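To start, the structure itself, in structure tokens.
Which chain is which? They are A, B, C, D and E, in the order written, and residues in each are numbered from 1.
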Amino acid sequence: MQKVTAKTLSGKAASLLNAGEVKYVLGWKKGEFDYDITPALFESAEELEKDFVWNDFSCANLSKYLIKYTRSLSGKILVFLKPCDTFSFNQLLTEHRIDRQKVYAVGVPCSGMADEKKIRENADGITAISETEEGYLVHTLYSDAPAFISKEEALLEKCLSCKGWAHIALDEQIEGEVFAPSADRFDQVKALENMTPDERYHFWQNELSRCIRCNACRDVCPACTCEKCVFDNPNSGVENKAAANSFEEKMFHIIRAFHVAGRCTDCGECSRVCPQKIPLHLLNRKFINDIDSFYGEYQAGLDEGSRAPLVDYDTGDLEPSQVFDWRDGQNA
Amino acid sequence: MRKLSLENLNLAFASIAAKYPLYLPQDNSAGDAEYKKWEQGAKWSDKTNTVKSPKDFFFPQTEDLMAFQVSGKSIDIIDTRKESEDFVVFGVRACDVKSFEVLDNVFLTEPADSYYASRREHGIIVSVACTRPLETCFCKAFSIDPSEPAGDVSCYKTDDSLYLSANTEKGEALLAVISEYTEEADDAAVSKQKESINKIMDRLPLASLTPASFGGGKTKEFFDAPEWKSLSEACLGCGTCTFVCPTCQCYDIKDFKTGSGVIRYRCWDSCMYSEFTKMSAGQPRTSQLERFRQRFMHKLVYYPENNNGLFSCVGCGRCLSRCPIHMNIVKVMKALGGKKDE
Amino acid sequence: MNNRQKQEEILRISGVNARKCMKCGKCSATCPAYDEMEYHPHEFVYMVETGDIDRLMASQSLYKCLSCFACVDRCPRGVQPFKLIEAVRLMNIRKQGNNHMTANDIPSILDDDMPQQAIVSAFRKYTK
Amino acid sequence: MQRIGVFVCWCGSNIAGTVDVHAVAEALKTEPGVVFSTDYQYMCSQAGQNIIKDAIRDYRLTGVVVCSCSPRMHEVTFRKTASQAGLNPYMVEIANIREQCSWVHKDVPTGTEKAIILGRAAVAKVNLNAPLTPGESLVIKRALVIGGGIAGIQTALDIADAGFPVDIVEKQPTIGGKMAQLDKTFPTLDCAACILTPKMVDAAQNENIRILSYSEVEKVGGFVGNFEVTIRKKARYVKEDICTGCGACVEKCPMKKVPNEFNLGMDNRRAVYIPFAQAVPKVATIDPNYCNMLKNGKCGLCARVCTAGAIDYTQKDELITEKYGAIVVATGYNPISLDKFDEFAYNQSKDVISSLEFERLTNAAGPTAGKLVRPSDGKHPHTIVFVQCVGSRCDACAEKGKEYCSKICCMYTAKHAMLTRDKYPDTEVYVFYIDVRTPGKNFDEFYRRAVEEYGVHYVKGMVGKVSPEGDTLKVQASDLISGKQLHIDADLVVLAAAIEPDASARPLATMLTASMDTNDFFTEAHPKLRPVESPTAGVFLSGACQGPKDIPETVSQAGAAASKVIGLLVKDKLTTNPCVAQSNELMCNGCSSCELVCPYGAITYIDKEFRMPDRSIQIRRVAQVNPAVCQGCGACTVACPSGAMDLNGFKSEQIIAEVDAICR
Amino acid sequence: MPVNGYKPLIVAFCCNWCSYAGADLAGNNRLNYPADVKIIRVPCSCRVNPMFVLRAFQRGADGVIICGCHPGDCHYTSGNYFTRRRMALLFSMLDYLGIERERTRVEWVSAAEGAKFAATMNDFAETVASLGENKRLEDLRCKK
């Protein structure tokens, strides 16, 4: 359950709309069920009143939409940014993808988001989900009593290692406490590193074999903002529409992770939207962990204008030939 | 009606698998169901839906059509088709069975797609009634009865048994393979199950959904509807809905250069993609709104127009549960007036 | 413990990289206890660097050091000679064997007047 | 489709001995696009080249593959051949079947097989080659030298001598730089002013040189051959062209308590001043921070006494924009601030001074007219302690000091010590050193003379502490050789402060897109082979802005930089390498990744209008490559995730085609 | 030379200014290395896109090696520093996906190091041969 209420946010947005300070509000719109929330653009207080939602399912990172809206819309756009979203926002500003003048950024403290997939995995025919302090009561067609799932169990993967706020100049900051993380985000990466190459190979072979190349991971990613992706471009030499075989699956995911390496803020949207539940964040986190340990800690999007590690270098950088021995030493 | 004790289910599967490749929904490591080839020890998933629909069996995501072998400056054309064998797809839900009809209309109308036709001919479909429809299910809207699944064999799973009845000759032949494990039974248990399914169907959140206001000839009515803008606003342009959809049938034909030759293959394409049907003059649909509209207009208006009113949606609910931004055909239908007056 | 192990132990405890020393002698130039010492700060560093540990451990010079940190502050190379001296002193304490302090001893030592930092450093010093 | 000709060279038996050249020619005949294939004994010979030329004409070839020696050997030759036959020279590719095949493999089957594969890759590449045309850019025959110290003066003189106009921009009111402040120069001990001032006068009188003193570079645009530079000429409130430098204004100025920066604040000057007698230009400058007239409108004495009428209180800063073909950076160095070195009591005692202050104290034109006295009481010092390496050779992470050796301190300290003993034999002179570094002609001899002839006490060790007590300075130091701690009562302590690049260098480097190292020294294009060029084409380095240097080294580098500039300016046009990066603006998303990895600053961004399919206009930020600046490394092509950036001559699809051909 | 009789296919990307010249020098000095090594000339090692590396594996290469000037000696000042970061990360990722780490390598070879070039290629070819055929990053469509 979010400590900040939807009313606070929609009220704030409505008053700015009415005052003419902003012309549009980018937020979350309620859906058919309690969990299927859609990012949406609101243009009036009435629309906000009717459809605006802010709850544990308002996971979607809205910052990428600002690229399109700051280009196509003429008025100022209010956007709600959760702490994790501020990193993406900063990174997009760094890469000149957003016209900051056109954005009214409101920081929303977040108490942790719920993973709809985790809740639905064990509940068929959900009719309602009610949020409580401790977790969620899931009402279904098949049971009279609602099933309880605790907040911890249902927590979205990325929230387990919440980064808090980026260093950012927001136009407005809603007061409130931010969810405190409990996990080391590199645990799984290190566990994989400690496996044998065969185990790692089979792990990824199994995960990536499910890929259907729907491109949802790419299309949702706030770092994937190319005008045209190399995988869509027949002239790039690597264009491919389908995950035809295990090579194409790996090619796509390695290159995608490489292209966002150093720019990925670890917002976790790729894994969240994957229809096949492939833990794509483990590829991005691998790069982040390597960058942190080889070249010093770097958090993309923490500061606007910071220089990404792959467009930077140090004369004393680790040699590619030393990488494995060095890391084995670190992990031992 | 034949009855198979669930205790013998594995034995039955084994005897089918001895004769045909047998595919059935199994749980994968991600906790979802997917169609996999049956092997000793495999467990039939309890999940209502698989992530990808079984259309893959007849219209696979990628399929080689032919190949060209280059040697020096001469090119040989090679037929890459292999001799097809019969195969069994087990545990198909009523909605997915219906989807084959939608695909048949596309691929089997003259000129028929011989690749698809061959697979259809060799495929034996064993359907199963849904006992636990999900909140995302709305097959009823398209007049599909999940308690009356079609296919070569229809079956009903109860706590202890599987009731099977053959609907076609292919189905009869399949039942003959497992006859040693089945016995004749009346349909009392089945009727009971049908009744309970129908009760649940009425309680589903989307029970009242209807496509009545859509259909052939409604192009003008919906094409310029202002609602498309807000509906498509958040669409990422990914292909999730298309690729999990049992009825989407668009594909692209591409050449893959292997170095010593070329493989010509086809693969699923998505009308949501910005590169979809790109021609020398560019794309016909340049905005996401147009692409988004195309998908739903096709399902709800264009397809029925060309196919005697049959909608190109079977209400399986896959897009509802998988779309990254939760935009889907139900929201579209409701926004454009598909809700029954209550 | 052989000589090499001792050397490594000292470097480990102190966290000093003795190889950074460029032998300028500024530590000894700045040392207020210079005349009291048999071995002087720059010699400490050199002896650790070359592995001449036993003589160093036996030397009373260790205890002439006032721990004023002047050498640490002035060293242009960031070598921190005092930390080496402190590490050698610790080696001497630890040579006696046994932990002179365990976590269980702490509650009884605690009183309002005792600075917490003193307990922490004592614990560090008297525990292996 | 290309029409490709393949020409396999035997290179006598060099290739033909291990490669079946006929088989290679035969095999490549069947490759896509190949319409002609042959082999010949020596393709690079006149006869061989004629075979190529004839084939280009007879078979209407659009591409040529020569299977021969390394492209580093004959690529240029064969490109010329093609060009003579009317084919674009960039349609030629070489398959290296000698150095990388016949010479390293022993048996014929292996060599032949590999040669075919290498030829195949070259054919695959040529199939995707496109004709390239080198661009041309005009060269503006004028050079800019930034900094008017000895480095800048020497560079300017050399360029001017070759007949090219040069502008010197100097931020001080006079040129001359650090050398003007020095007394004598090592190791010959000639007087700095005596050798420098004639050069300053030469510069002033050379009609090709324009001195823009009291000026700073404000903005730099353009590229090699065609820079556009904006220079701010600061208001000096004196009309430079009228002032005769008579000094009457200076004499009459009532504002007498202005610290004299030329003497490092050891004496005072007036608010209107000429830095020193031999200043060039010898004109007065009014210091607006002290002048009463400029501050509160009262006084005006100088204007009254100036018979030439040169004083102009209303003067404003002036911006000059000028075009240059080449830019030389000669921003020089400064001693570091000694404020953080408490242990040496620099801030506590006037008698602890830096070496540059010592120079002024011993300079006949200095505050004491060359008489060596203590700044505190004017008494003659009897014991002087010199401390070397103050702030040099420090730990990289130290908060004070620099990691590098400042290079010049050993020699000038020896000079100071020697001169002191020479002039004042009653003075005891101690030099504390860590190492004495004297690589240089007559350098070690010079240092030995200080010890042997002049009896300077060189002590191996460092000074730990200097504490002022009464009118003496208690120096506590170590003598590492004798193993003693020394306590010396000194009258004067001289600190050899490390030197660092001038503070103006960093912003200038940004304007020039010239790279710098972590210490703010300019980076040279190649540390060994191109030491006076910056990696940015058209920008050259002179003097200590590139690293610590003494005067002879500075002067020789200045001359070298000048000769590089002259080499550039004599050209009327520059041919630009056509193998440069190219940005596909339709695909560029303006993220700046390419700009950040470009070592030459060849990439800029513009906001460009795009007509969208729905006829709306969209403005997007996109990258543009300046082909005159780009050197064609390709770093940007990989930094660009969308592949909007590609490299002509080495396009991604060409390299991929080579990979495919090899792995076939 | 091949350990188990397997003849690997190795693609070597060499920068024009140092490593390609180093390979030429190896040739001038007649220093042998296996013919399995095929060199592709690039202006600078920083021109090598990770996609080229994967492409080579897809098409049947068993090992990929990238050679450039020694760090600090890049003809273009900084190109190989970027290569160093990119390839360290890419190769680490390939290892993470369970692909044999010995199949990829970055080596700095100057124009004067003909002997080093030959020794490097001998060693790399031997290592890759001992691993056998590249199975984990193969594309069956490209196999003959």
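One rule holds for everything that comes next: a residue touches a chain if its C-beta (ideal position, glycine included) is under 8 Å from a C-beta of that chain, and two chains touch if they have at least 3 such contacts.
Computed from a prediction, not measured in an experiment: that's the story for all the values here.
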Intersection of the contact lists for subunit C and subunit D: none
Furthest chain, CA centroid comparison against subunit B: C
Centre distance in Å when subunit B and subunit E are each reduced to the mean of their C-alpha atoms: 46
Subunit B and subunit C: spacing of chain centres that average the CA atoms, whole Å: 75
Shared interface positions of subunit A, touching two or more other chains: 230, 236-237, 244, 310-312
Multi-partner residues of subunit E (each touching 2 or more other chains): 50-51, 55, 59-60, 72, 78, 82, 86, 141-142
All touching chain pairs, where touch follows the definition stated at the start: A-B, A-D, A-E, B-D, B-E, C-D, D-E
Partner subunit A, residues of subunit E touching it in the complex: 50-51, 54-55, 57-58, 71-72, 78, 81-82, 84-101, 105-107, 136-141
Subunit D partner contacts - residues on subunit C that touch it in the complex: 20, 22-31, 34-35, 40, 42, 70, 74-79
Complex contact set, residues of subunit D against subunit E: 70-73, 96, 98-101, 103-106, 110-111, 113-114, 117-118, 121, 515, 523, 525-527, 535, 579, 597, 599, 631-635, 637-639, 647, 650, 652, 655-656, 658-660, 662-664
Residues of subunit A defined as touching subunit E within the complex: 192-193, 197-205, 230, 236-238, 244-245, 247-248, 250-251, 254-255, 257-258, 261, 283, 286-287, 290-291, 294-295, 309-315, 317-321, 323-324, 327
Interfacial residue positions of subunit E with respect to subunit D in the complex: 9, 11, 16, 20-21, 23-24, 26-28, 30-33, 35, 38-44, 46-52, 55-56, 59-61, 72-73, 75-79, 82, 86, 118, 142
